[in-house]
Amino acid sequence: MRVGVLTGGGDCPGLNAVIRAIVRKGIPEYGFSFLGFRDGWRGPLDGLTRPLDIPAVRGLLPRGGTILGSSRTNPFAIEDGVDRIRTNLMNFGVEALIAIGGEDTLGVAAKLHEVGVNVVGVPKTIDNDLSGTDYTFGFDTAVNIAMEAIDRLHTTAESHHRALIVEVMGRHAGWIALHSGMAAGANAILIPEVRFDIAQVCKWVESRFRLDYAPIIVVAEGARPKDGDEVLLTGEKDAFGHVRLGGIGDYLAREIEARTGKEARTTVLGHVQRGGTPTAFDRWLATRFGLHAIDAVHQGTWGMMTALRGTDIVTVPLLEATKEPKLVDPALYAEAEVFFG
Amino acid sequence: MRVGVLTGGGDCPGLNAVIRAIVRKGIPEYGFSFLGFRDGWRGPLDGLTRPLDIPAVRGLLPRGGTILGSSRTNPFAIEDGVDRIRTNLMNFGVEALIAIGGEDTLGVAAKLHEVGVNVVGVPKTIDNDLSGTDYTFGFDTAVNIAMEAIDRLHTTAESHHRALIVEVMGRHAGWIALHSGMAAGANAILIPEVRFDIAQVCKWVESRFRLDYAPIIVVAEGARPKDGDEVLLTGEKDAFGHVRLGGIGDYLAREIEARTGKEARTTVLGHVQRGGTPTAFDRWLATRFGLHAIDAVHQGTWGMMTALRGTDIVTVPLLEATKEPKLVDPALYAEAEVFFG
Amino acid sequence: MRVGVLTGGGDCPGLNAVIRAIVRKGIPEYGFSFLGFRDGWRGPLDGLTRPLDIPAVRGLLPRGGTILGSSRTNPFAIEDGVDRIRTNLMNFGVEALIAIGGEDTLGVAAKLHEVGVNVVGVPKTIDNDLSGTDYTFGFDTAVNIAMEAIDRLHTTAESHHRALIVEVMGRHAGWIALHSGMAAGANAILIPEVRFDIAQVCKWVESRFRLDYAPIIVVAEGARPKDGDEVLLTGEKDAFGHVRLGGIGDYLAREIEARTGKEARTTVLGHVQRGGTPTAFDRWLATRFGLHAIDAVHQGTWGMMTALRGTDIVTVPLLEATKEPKLVDPALYAEAEVFFG
Amino acid sequence: MRVGVLTGGGDCPGLNAVIRAIVRKGIPEYGFSFLGFRDGWRGPLDGLTRPLDIPAVRGLLPRGGTILGSSRTNPFAIEDGVDRIRTNLMNFGVEALIAIGGEDTLGVAAKLHEVGVNVVGVPKTIDNDLSGTDYTFGFDTAVNIAMEAIDRLHTTAESHHRALIVEVMGRHAGWIALHSGMAAGANAILIPEVRFDIAQVCKWVESRFRLDYAPIIVVAEGARPKDGDEVLLTGEKDAFGHVRLGGIGDYLAREIEARTGKEARTTVLGHVQRGGTPTAFDRWLATRFGLHAIDAVHQGTWGMMTALRGTDIVTVPLLEATKEPKLVDPALYAEAEVFFG
């Protein structure tokens, strides 16, 4: 059997490790051959391919990014998209497809399964907000990168009198902020799931200064203040039509300076969080997802994706992952609040 | 209520994070006061203490080791040991005890619980071989350290023609070898659970050399060859009464050189694996274990220990953790074997 | 003899290593005693002290920040400032002073030397822009932190189609940008010493995109465009009196998006660059500066500071360090330009 | 002009960075073309080549190892070796050669220069023991790796009561031991240049234990005890013809245990020190060596090698590097001794 493989959506450490594991097991164990599709769904749509054999995956385990490239192309938003994919799969002799991606990529996979394409999914999101699995690979790497940055701020915070703000990824879910903030001892963690009260944030800042330590605040990029405060961020236009610079981290710095009279400085980690070599946990998870995905292909359990439950890899319906995002549980956020201020 | 805290057994990144979380929640939330007992069970046995309040735990989160010190003292092996502990707890006004440790430390805790001492346990072992919990803290740190070392060997392995051996911790269980070897792409992983065939190891070595890559072998310190081959290791005396130097890694290097005619070099990571700052996963797990341990004290659920199940922290009977070690499952080892050779 | 020690100016990895070396050599070798002055020149000005003996410096070598605290207080800007310092030194029995700091701190030291105070200086600036020494400690650490961040962006850059901008420290000198950009393979490096042409930057961006790689631009926070383009940055007010958010990195992102039509994302490393544990080079340099500073005190060579020349530690007049900043040599910048675009 | 490039001797982080810089400058700036010779001097000897253009060097900057491979082949030890090299260079149209390597590789280069081959050298040794240059690339990386390992041991050392020994590279020169031991706060540093007194080492160990800290000893693999103590190490045969396991680190552990009655544990870093991605300093140095080597080719200054003097790259005669090794200066070792015990 010839199996196609593609990666879709945002970058994530571990993608290459999944691809490697699929190929390293699929060829000797099941006698499969593989075809890489490039740039997410654009690959099967436009017939963009890349050979995928054992030499092609050598050295991939520690490498960030994806050798297959990625895109956010949605074949269901394109006329004849699904038919073109079917035709291309047939022309290339590809009988099964492994789609590695997040909500959007797996959503397409679920729909293709419904119309009869043999698909197995591998869940991927650096934000850890996919339902149906305990964790997704890439998340542990992002959390460690953010934690190391916050660790470095602590020594500065002990010697100086500035509020230090770290803006991390997370538009809709605060997992990276929560885990890295808790792992690195942040004095406040602001997440999209809970609108923050800027006055309360300033109280935490001031209580920390009274202990003669500089406060460290971790904020997810999607966190927003409680009241409809006119927060104009990067790319948005103000009342005079001027494009604004700066994100929520810059907003916090400005507000804290204005309200407490203390200096504040912002670190914006940006894409640094989604690049580079994966941690051991992410390589382990990605490798096992790859091994179990090719087992699922061998067993013909279509329409499923791999998932982590405790220390076991299981398969769950693709639909389970794509129905609603996994947000931070208020009880878990309450555990972190013990350390605020 | 006054709560005693102690740490026993081998060193492990995350011990200080547990202590910090216990104190940071226990004082403001439950109004507890704390007393640190020094050097494991020797502390309550001999009345060795250390103050434990909020200033005492400042800055502890990222620090390896344990501020309370540790030992392998077993009060049940000492005459009047249990009575002396009871008396000291009473004299210090300590009504409950949190014992953080491995099989031995928690075994003592379980027995003390049986004789009426109010004990809650927190499981700890860098080897990850305690039953009842998905993971213990410290393990993820050790695996990442070993993985980074193996990563570095890969570039050397590509340029030269030597077999490279990495000896990692694990006397009875091969978890560190398995996870680090799989995360870093080892060409063979040798664990205590499965006796290895030195001839097979040499075949993997040679098949790797034929691809023009140098083989990398990860071996747990407790791994042993199949046949009763005369493997004399560090500290053991040979037939002439001479004390031997070198461990299983040195044995492998010698055998591979003799059998394949290729050079072999050994890295022995030793205590490097159990020192230094914990990873984000281990700080997260240790912090949550601390928070839930103090909740258990508050609720009076004695004789239990905290445990990780998926993403949840639960409590399980102390006896569950101490009945038998958690060894590597053959099915899991088989997943790794896909990548051997 | 009793020797006072103080640290002034911005935070810098290696400060604690200097303090440790001074004390570890000064006490057993020369029989000196020490007194720590807190918060830079505010310490001797207001009589703020901290004991400084061998137990006080234990464990300091790997720790970022400074146990003595710091400030930007200038005693020459305060009425009677110099007299208060003299009086306090006399009252504390302090006969010599080691001042560890940058241009400002050492400038004060030079003036105090002129009025008869026994001062030895140790140069410190994370920006590496002090004359008279090949390098200052802290710089190597900052460069490695920035390099690791850029390394991580490269894998993302290979998988996606975005321009990635990294804003690093350097208000007046571009050393960190130059070294980290060159070490990590940036496609453009923008420094304060050379005004950049935004059109040229966009050409480099586009030529990189044509190779199907995403461009990475490293910009020092003090870099500015050639023409007097209206660049309003953090804290500055626009024509309508609105405070702006965002720095030069945000400006570049906005301009590149507007001029090339490609997405751009910015990472602002901020204080992360000046925190945390020093690299081996910085610990080595800081330790040797400390050892040679206390030798200078022993020899009574006042008015001098330690300096690195090749692999030797020498002493040079304090005035040499403070006369003018060490800027990036155009010939060196030209070496880096080979790799632009 | 067509320029050949080869790398010889042991592995070293930064080799690829040199190759990249040579090509990235040589092609656009001077219009050169390049040919890679594989496996050190075996390449020009046997006509083993590899294409070397701009796409071939993409992504090389952070990669350890060498894409050209290496060997210890000496053409002067082979009959007709020099003639075969001359003939091959002529056949391939190669008019100049850049040889990147250590004492042996550069020694061959110097002799080839004497017989009229156009050679430029780039010095390389992880051990930092080449004369004529302040530092060689790879050394800073090795020192940081060793330092990080020792850092991790410190937390363990605080919690337990064991002597911890770290065996690092250095057969003839103790630079790695000296720099890493000094940067990480070792309690003793043993180097090949100074024979150690095992009784004195045990005194330092015991004085450290009295402070309730575990001692950490850094030992270069080539360090040896003072007296002709019967130290049989790896590969050597004892009086009964048995091959010994273990190196000088194991010897120290055994002696310390026997003489002090305390447990001792050894870490052998091995090839981990010479693998993986280079530090910023090493990438900077390697890149500049590459740029200046191709300038030297352009200027036709044959028989020279690049060298670091302070912050400048200069060229010095190849003979200067190969006449005698650069050993640790006793004055420098004395600086480190301040911290022993």
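All chains are identified by letter, namely A, B, C and D, in their written order; residue positions are counted from 1 within each chain.
Here is the rule we go by: a contact is a pair of C-beta atoms (placed from the backbone, for glycine too) under 8 Å apart; a residue touches a chain by one contact, two chains touch by 3 or more.
A quick map from chain label to UniProt name: A, B, C, D = Pyrophosphate--fructose 6-phosphate 1-phosphotransferase.
Fair warning: this is a prediction, and the values are worked out from it, not measured in the lab.
Separation of chain B from chain D in touch steps, taking the shortest path, is 1.
Shared contact partners of chain C and chain D: not a single chain qualifies. The chain pair from A-C, A-B or C-D that repeats the B-D interface, sharing more than half of its contact pairs by residue number, is A-C. One inter-chain figure worth recording: chain A and chain D are separated by 40 Å, centre to centre, where each centre is the mean of the chain's CA atoms. Distance between chain A and chain C, defined via averaged C-alpha coordinates, is recorded as 34 Å. Centre-to-centre spacing of chain A and chain B amounts to 30 Å, using the average Cα coordinate of each chain. In chain D, 151, 154 are the positions where the chain touches two or more neighbouring chains simultaneously. Pairwise chain contacts in this structure: A-B, A-C, B-D, C-D.
Those residues of chain D whose C-beta lies close enough to touch chain B in the complex are 10-11, 13, 63-66, 69-70, 145, 148-149, 151-160, 162, 164, 233-235, 238, 240, 242-247, 250-251, 253-254, 265-276. Looking at the complex, you find that chain D touches chain C at residues 21, 24-25, 28-29, 59, 61-62, 134-135, 140, 143-144, 147, 151, 154, 179-180, 182-185, 277, 279-281, 283-284, 287-288, 291, 309-311, 335, 338-339.
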